[in-house]
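I've put the structures underneath this note.
You will see two complexes here that share subunit A, one where it goes with subunit B and one where it goes with subunit C.
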Partner chain A sequence: MEDLSPIIMTCIINGLITAMLYMLVAVGASLVFGILDIVNFAHGEFYMFGGFIAYVLFGQLHLNYFLTIGIAFLVVGTFGFFIEKFIFARFRRMLLQSFIVCMGLIWIFRESMRFIFGIWDKNVPVAFKGIIEIGKISFSVERLVITIVGLVLIVVLYLFIDKTNQGRAMRAIAQNPEAAALQGVDISYISSLAFGIGCGLAAIAGVLIAPLLYVSTGMGATMIITVFNIIILGGLGSVSGCLLGSLIMGFVNSFGGTFFPQAVVNLIIYMSIFILLVIRPRGLLGHA
Partner chain B sequence: MRRQISVMLFIVWLVGAIFVGNVFSETLVIGANVPLTGPAAQFGLGKMRALEMRIEEYNAKGGLNIKGVNYKMKLVAYDHKTQPGEAASVAKKLIYDDKTKFILAGAVGACCRAAETATIPNNVMFVFSCAGKELLGPDKPLNFRDSMSSEEQCYALMAIVKKANPHIKTIAVLSSNDTTGWDSCKGLIRAAEKFGIKCVAEEYFERDVTDFHPVLARILAKKPDLLDNAGTPLATGCIVFKQAYEMGYRGVKSWLGCGMPQGLVNMAGPEASEGTYLGSSWDYNDPKFNMRELTEKLKVYKARYGDEWDYTGISTYASAKIIFDSMIKAQSLDPHVIAQTMVETQPHQTFLGPYIFGNEGYYGIKRAGMHPAVMGQIQKGKMVNAGFAIHPDLAKLIGENWKFPQ
Partner chain C sequence: MRKQNLPGMIPIGLIPVIFLLPVILPNYWLHVFALIFIKIILCLSMRQMMLTGLLNLSISAFMGIGAYFSALMTTTLGFSFWYIILLSGIVCSLIGFLLSFPLLKIKGVYFFLGSICFSVGIVVLFSNFFVKTFGGMPGFAPIAIVKLKLMGLDVKFTSNLSHYYLTGIVALLSVIVMKRLEFSRYGLYWKAISQADRLIETVGVNLFKYKTFNFVISCFFCGISGSLYAHIMGIITPNDFALEFQFILTTILVVGGFESFWGPVLGVFFLSIIGEILRGFGQYELIGYGFILLFTMIFMPKGIAGMVEKIYSPK
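Showing the complex of A and B:
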């Protein structure tokens, strides 16, 4: 009988790595919904911005990779902050209006990047060369770095939300915006800050994925569908639900894609989400 | 008297102008239904530009003179965005709004299948590069393929790979889940069997997939000696080889449908791309496989567009000449008459070498473009020619011993 252990180990490692990437993008979108009550369909475009920042700074100008990550977070995060402040602020808690705004932003962002960078996909060189071989399993050093960076960022985000004043303010707004305002929380500033942090995290994910794949103006569109599957699965507005949803999606894609055709995997994912929405509409860890 | 002379001179001039065809000229619309954006844009842009250049050349010489009328050609190109629905709409727009009878550039299997639902009932000549047995046939005599598909190339590729790597006994093929992918994979499997190579894995993926670890885990568990990317688009195929390398695959690699070798090296990386045999690649400057006109035209393309010209675009440039010359030979703009002329007057001398439309044994009609097939290989980050082969149908017309001019 064929030895499946190397395949299973590869699936586990790959699932974990995939989950980390998904989580970085999804947590930002979940944070935005939890605090601003809007579903940011343009979230994938900030992930795309991160990819292009990696292409320019790391790929073309040969800046240090970790510096590139930091710059991507700051630049895209700041951009996101002002996008919320001057555009989304008017549509907080208005789902339909904010959806229309998102559609407009998607087209503007995508076409602008296409105009600046052209239509061709861009290659970003590998940041960390080398292959790690453990028995019959091998994976790249690059992927190991992604996993470590992802874990670090999750911990940092958790500490930020749990321990800092801004984090507590975000939780307060998510629970009850009116009460939070009465307690002296600057709703406008904290909302913009949350949006900016979400966008910054998505940009980091874009920088991390760039050397593994390629950078294109359409990369956000592919990611956003997965992100919303995760958010629905985990629960809208729940960061811990986001983490759980990312792990589930990462492993389903990894194991499912290895043993079944992709069409079957997609069927499993969407049927599961459908059943979950019927049984538990708020998601696995979503708030009632 | 003076008035009479003036009138006579005017009549002489008018008659001369009519017979020379300089006074009356018409516009002949040439259509292109191609992807100009998205992952398949590499195919569409090259083809559109090929038509653009060819049309400019003919128009500069006065256009096409058909039965005394000069036709200036006008290119109308639309982006089908790799969406079959859009391709069908574009085809209808070209036929009903732009009034063309010639759509001479098409790409992406599903999109060509969608477009032909409009071209076939309207007797429009449709020339495309995508693979797919069902795209050619006696029931669609105006469909032509201008570049060699897997069915025509894979025999040559397997011959060259097996000769250089006699130990190869198994092959794994994977490609995009569309007409081009299916036919590429099936053609490779058939050709491989002729050389005693057994297929151990045949996988298809959707075009927007970027993580190939799951499917590669399944494939690499079968321990193939040879891994082929078949008809996968450039960016996606590069990720496949990159990720296969990461997962420890060090066997022989080939890529039937890769027409941009430098793109492979740049995007997959030098380690992952090293040694890959390429089915649609040709170092045009190699003196052993050189057609001078082609080398010159590549420089012109690079200077004008700043890009590498991929094989499907080059073959469109070659086939456009055949079609326009056939219009002149046949003195007709009837697509059926032109199609007949194209086949009856072959082989055609092009910058790809002797070129025919053949492979009637597989498709039931002579509509598959063929020329001497040069196969490349990536060695130390550069593409070099590994050899060439001639399809049996072409060999019947030009001889088995045809060689590139030295």
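Showing the complex of A and C:
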């Protein structure tokens, strides 16, 4: 019997990286759900925008990698801010209507990207070459950077939500919009800001994953289902639940994908999410 | 309840139109209309779920179950289509009945997400498991042709014209049943549930029973339309029943207007005709759909039916 420990270690590292990326995308969708009470299915498309920004700025124009991350956050974040201001602001707390709007936006975004960049998947060069070896385990510097950037961003986001005035306002709106408005919170501005930040984080995730995978117009669609599984798992609108959900999902995908056929893993994931929704709809860490 | 004069008149006037339309329609449009009739059944059953305030995104999954069941029964096992179409409806409603115990306990956004999970799970099942029976990703083909032996005549349903009449008659019957149901006692309960479910329960209405009944009926019609779809297309693939199709159904419902019974019907006709016009743009037709959706939601949130009602109702 061969030694399984290197495989298991690799699985753990891959799981962590996947969890970081999931977290960056899911936290935005979760914020938006908490504050606007809408299920934002178009969130995956902002992640796709991040991937294409990485392809153009980093892959074609050879800009600095970290500069690309910053630009992606700013550009997509601003775009998301205005999307909320002009479109989603009309559909706050309207489940069906906002869902339809999301579908419309998904089609417009995805097909226009396909129109601009063509149907073929894009390859983005590796940003950081080199391999780190610890004993029998080896992993690329690229993956280490992704994990570090993800961790830093999550800590920054946590501090932002917990300590700053805007973060407090966001939490207040999620708890009780009327009471927050009475305390002088500018609901429309804070909602747009939360939406923008969520979109920016999703775009960063897109930039981070671009060198590892191909960039394609369909990448948002595959991501969004996983993201909503994570959000259901952790609890709708809960940021710490989001972290837990991403970790679970990341490990399930990396271990399951290694030891079982992917289809079996997917089916088990959907079944368990379905059962969880029925038994405990508020998720593992969510509030009632 | 306000009396609806004009919308009530439409169906009786529509029956001869449906029977006479093939005279002027080109052959290709007969096929388009057959698909339109199937979509009408699906959208109406989705709308029926919405009467109780539940946005059900597993309609396409139940259609898939019906289609695969029907294909297996008629093609692999060789049963007659005319029993199987009913049986696939019954099987779907049985599955719906079993599913209703967990699924109808939750509501609102949780029900919405739960139905998506079920729908995606079913598509994964059809595409990756039991590949020998279901055909896997490439799909199930060929599906047996519908035959009818009537007074010595041997009719084979291969032409678009026969498909048109087959789906048209089934759709007409479904519309009549669903319309009767909506304006019956059940329909009243359903509408009341969507407005104040706790209140209804205190008055002594068995909430769960009426919700389950609604879900089961809705699944029955999904199964029937799935069976029709399988036999008209001759080939079914798991992607036919994926979320993308469910999204298109939702679009139809919203653009048509889900608050009135005839809204989805209007929506199907409108969007199918738009779709045929946009077909020239190939893969970019979805951009057009996207803009139509956005503008509908922003400028006429009650859909086409809402606009029509606004024009005809005297202020």
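Everything that follows uses one rule, which is that the second predicted complex is superposed on the first by the 288 of 288 C-alpha atoms of A that agree within 3 Å, B and C clash if a C-alpha of one lies under 4 Å from a C-alpha of the other, contacts with A are read in each partner's own complex, and residues count from 1 in each chain.
As a convention for this text, contacts are C-beta pairs under 8 Å (C-beta built on N, C-alpha and C of every residue); 3 or more make two chains touch, one makes a residue touch a chain.
Owing to the predicted nature of the structure, the values given are computational and were not obtained by experimental measurement.
When the two complexes are overlaid on their common chain A, residue A:S254 makes contact with subunit B while staying clear of subunit C.
Of the two partner chains placed by the overlay, only subunit C lies in contact with A:L277; subunit B stays clear of it.
Within the superposed three-chain model, A:V152 lies out of touch with both subunit B and subunit C [touch as defined at top]. When the two complexes are overlaid on their common chain A, residue A:T222 makes contact with subunit B while staying clear of subunit C. Of the two partner chains placed by superposition, A:L74 touches none, neither subunit B nor subunit C. When the shared chain is aligned, no partner comes close enough to touch A:I116: not subunit B, not subunit C. When the two structures are aligned on the shared chain, A:A179 is found in touch with neither subunit B nor subunit C.
Annotation: subunit A residues 114, 119, 261, 263 touch subunit B in one complex and subunit C in the other. Within the complex formed with subunit C, the subunit A residues making contact are 39, 87, 90-91, 95-97, 99-101, 103-108, 110-112, 114-115, 119, 225, 228-229, 232, 236, 261, 263, 266-267, 270-271, 273-275, 277-278, 281. Residues 2, 6-7, 10-11, 14, 18, 114, 119-121, 123, 125-126, 131, 133, 138-140, 142-143, 212-214, 216, 218, 222, 253-259, 261-263 of subunit A are the ones that touch subunit B when the two sit in their complex. Across the interface of their complex, subunit A is touched by residues 36-39, 41-42, 45, 204-206, 208-211, 213-215, 217-218, 221, 234-235, 238-239, 242-243, 245-248, 266-267, 269 of subunit B.
Interface of subunit C with subunit A (complex): residues 50, 55, 102-103, 105-106, 108-110, 112-114, 116-118, 120-121, 124-125, 127-129, 247, 250-251, 254, 258, 283-284, 286-287, 289-294, 297-298, 301.
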